[in-house]
Amino acid sequence: MSLHLVFSQNGLSACLQRRLPADPVLMLGDGVYACQQWLREQLPNDLAFVLAADAAARGIGDEQRGDIAAVDYAQFVSLTEAHSPIVSWQD
Amino acid sequence: MSLHLVFSQNGLSACLQRRLPADPVLMLGDGVYACQQWLREQLPNDLAFVLAADAAARGIGDEQRGDIAAVDYAQFVSLTEAHSPIVSWQD
Amino acid sequence: MKYALAVHGAPYSSNAAEHALSFIEALQACGHDIERVFFFHEGVYQGLNGQVTPQSLHDNALQARWAAVAAQGIELAVCIASGIKRGVVDSAEQERYDLPAATLHTDFTLVGLGQLIAAIDNADRYVEFPA
Amino acid sequence: MKYALAVHGAPYSSNAAEHALSFIEALQACGHDIERVFFFHEGVYQGLNGQVTPQSLHDNALQARWAAVAAQGIELAVCIASGIKRGVVDSAEQERYDLPAATLHTDFTLVGLGQLIAAIDNADRYVEFPA
Amino acid sequence: MKNYLFIISRAPYASSHAFEQLEAAMVAAVFDASVTVLLRDEGVWALQPRQEGSATQQNTFAKALAALPAYEVEQLYVCRASLNKHSVSADPSLGFEPMSLAAQQRLIDSSDVVIGGQS
Amino acid sequence: MKNYLFIISRAPYASSHAFEQLEAAMVAAVFDASVTVLLRDEGVWALQPRQEGSATQQNTFAKALAALPAYEVEQLYVCRASLNKHSVSADPSLGFEPMSLAAQQRLIDSSDVVIGGQS
């Protein structure tokens, strides 16, 4: 099963069109701004993650993130252990 | 009167929202791909220009360009002589 | 007329250099003056001194074209703040920070952001070539 | 597990280096191996040897962090084709093309694109940090 | 001196573009130019409340914005349409006034110099 | 060897990203890997007919694409939705087969390695 790394808001759109519905998505860098789109489209929150440090830097807190889990780099590593291929979406 | 330099398709959208309706627009680089949007929105063709060399490299010919004039660098210079400020839109 | 120009893109990441160079050549053919060319943001990479033009692009050797511009007395001004953090340094900065090499091409010069504003203020037109 | 990593972004143009470095540090804490870090496209600028970290960012000195990675025997491999056209050259290329300076930091090495493919093929995972 | 409009259209942390634009605006102000700053498109993320750049060892961009009035850069605008598009609730303490697209058209037209084409 | 999917999502002439992606795909093929190329989003401009890179002293990207079969890169796909979005009439001589989004989902899922995150 693939893991998708999303680095921008446009990246999330491109990813959502091309990912299997059960694939998890990690939003990082400016990708953390895309968590609002995830919530708006009512996608399953258990498949979405944001990188905690990048979200904190940008002021993306619980309000913007809802139930999407914030993960640290160790959890980022765990996600990559469990999935292949790993696909990056910058756009 | 301003001259707008548009370097991408998104740049044209950002420009069109913020330009006065009589301002001319020169599309160059990947901005030449935006001439289809110009035609689709039925904007006045006498205000639009594409840089000939960039259009030729990308295969943007008469079919895509319609009545939008292709200009060389000397004509690009003339446009900048006649207008100020000159605003670049990359996006 | 007097023109101030800015280049914001690195080589191969955008057409900023090709556009600026062809525009400069056309400005000169029209008899205009160029106050300064300012390299800002990633545009500072245009000034790296070790670029090897791929053979397939030999008609478009950017540094040879920049050299021709510099030879006419036009200042190719690299933003010092944008440059030194990215590793584009002249020999003065190399000494100051004890760096292994000067990486700025000798046709270019490191200057402060004030020189961008001064050039624009002296010019009739400002044209920016983005990344 | 064995990981192959790629960095596609230049310093200050993207978070590619910060992401890759923190990811590498976490991989090592988890006991994973890193086959190679490959710098491609504008990522080659990570290897420039004259970068001066702004004082305000001194906790985030990228080259000091890359040095720590290299010190553990992990290859920091700069794509030679992407590098030399952009001006990122080692002393061998400096001599070959008669350039004014070697601009590649000694923690990095210039290699061919084949080394990207070889690293990926030997690894269990490939992770790419875009521009 | 001419009057300058600096447009910031990129988000602040993934690249240093917005920081560098701000430096240029401050330098223009030091030269006694009349300086206006406009945030548009992804640049409006600069006004997101509770930024904490230290989480990624960076400076906090909102703090750099807050320093603008000390440089006598006091004409601060943000595109209202972009705020709405990205659902950003701008931190009001930063003093950026929401501006319509029509007003942005007039602002650009009345500027001597517009800087900010990178994005 | 693993099977590789190279995704090109940027237009060919403003940056060398697409050219460099293609070089990487050819090298993987030289290593006898199974290589697939997918053009999506602005990458579909690579198939625009009548390109003439020499107009800007560049190589013609379509010619580089045409060389792929010589490297035994023969699985060539283009996103149909992106072609439609940009109104590109792909040059049929380049041999790229239009692919639905659903098929792209399966293609990505079945690849060992996906390269092309820059854009």
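The first chain written gets the first letter, and so on, giving A, B, C, D, E and F; residue counts start at 1 in each chain.
The working rule: a residue touches a chain if its C-beta (ideal position, glycine included) is under 8 Å from a C-beta of that chain, and two chains touch if they have at least 3 such contacts.
Here the structure is a predicted model, which means the values were calculated and not measured.
The chains touching chain A as well as chain C are D, E, F. Minimum number of contact steps separating chain A from chain F: 1.
The most distant chain from chain E, with centres taken as the mean of CA atoms, is F. Of all residue numbers used where chain C meets chain D, over half belong to both copies. The two sides are thus made of the same residues.
We define each chain's centre as the mean of its Cα atoms; on that basis chain E and chain F are separated by 38 Å. Each chain gets one centre point, the mean of its Cα atoms, and the points for chain D and chain F are 25 Å apart.
Looking at chain B, residues 5, 7, 29, 53-54, 84-86, 88, 90 sit in touch with two or more other chains.
Multi-chain contact residues, meaning those touching two or more other chains, occur in chain D at positions 12-15, 126, 128-131. Contacts with at least two other chains are made by residues 13-14, 16-17, 56, 58, 113-114, 116-119 of chain E. Taken together, the chains touch in the following pairs: A-D, A-E, A-F, B-C, B-E, B-F, C-D, C-E, C-F, D-E, D-F.
Interface of chain E with chain C (complex): residues 1-2, 4, 16-17, 20, 23-24, 27-28, 30-31, 33, 113-119. Taken in their complex, chain B has these residues touching chain E: 1-2, 5, 7, 14, 17-20, 23, 84-91. Considering their complex, residues 5, 7, 28-29, 53-54, 72-74, 76-78, 80-81, 84-86, 88, 90 of chain A touch chain D. Chain B contributes residues 7-9, 29-30, 33, 36, 52-54, 56-61 to its touches with chain F in the complex.
If you check the complex, the residues on chain C that touch chain D are 10-13, 42, 45, 48-54, 84-89, 93-94, 97, 99-103, 105-106.
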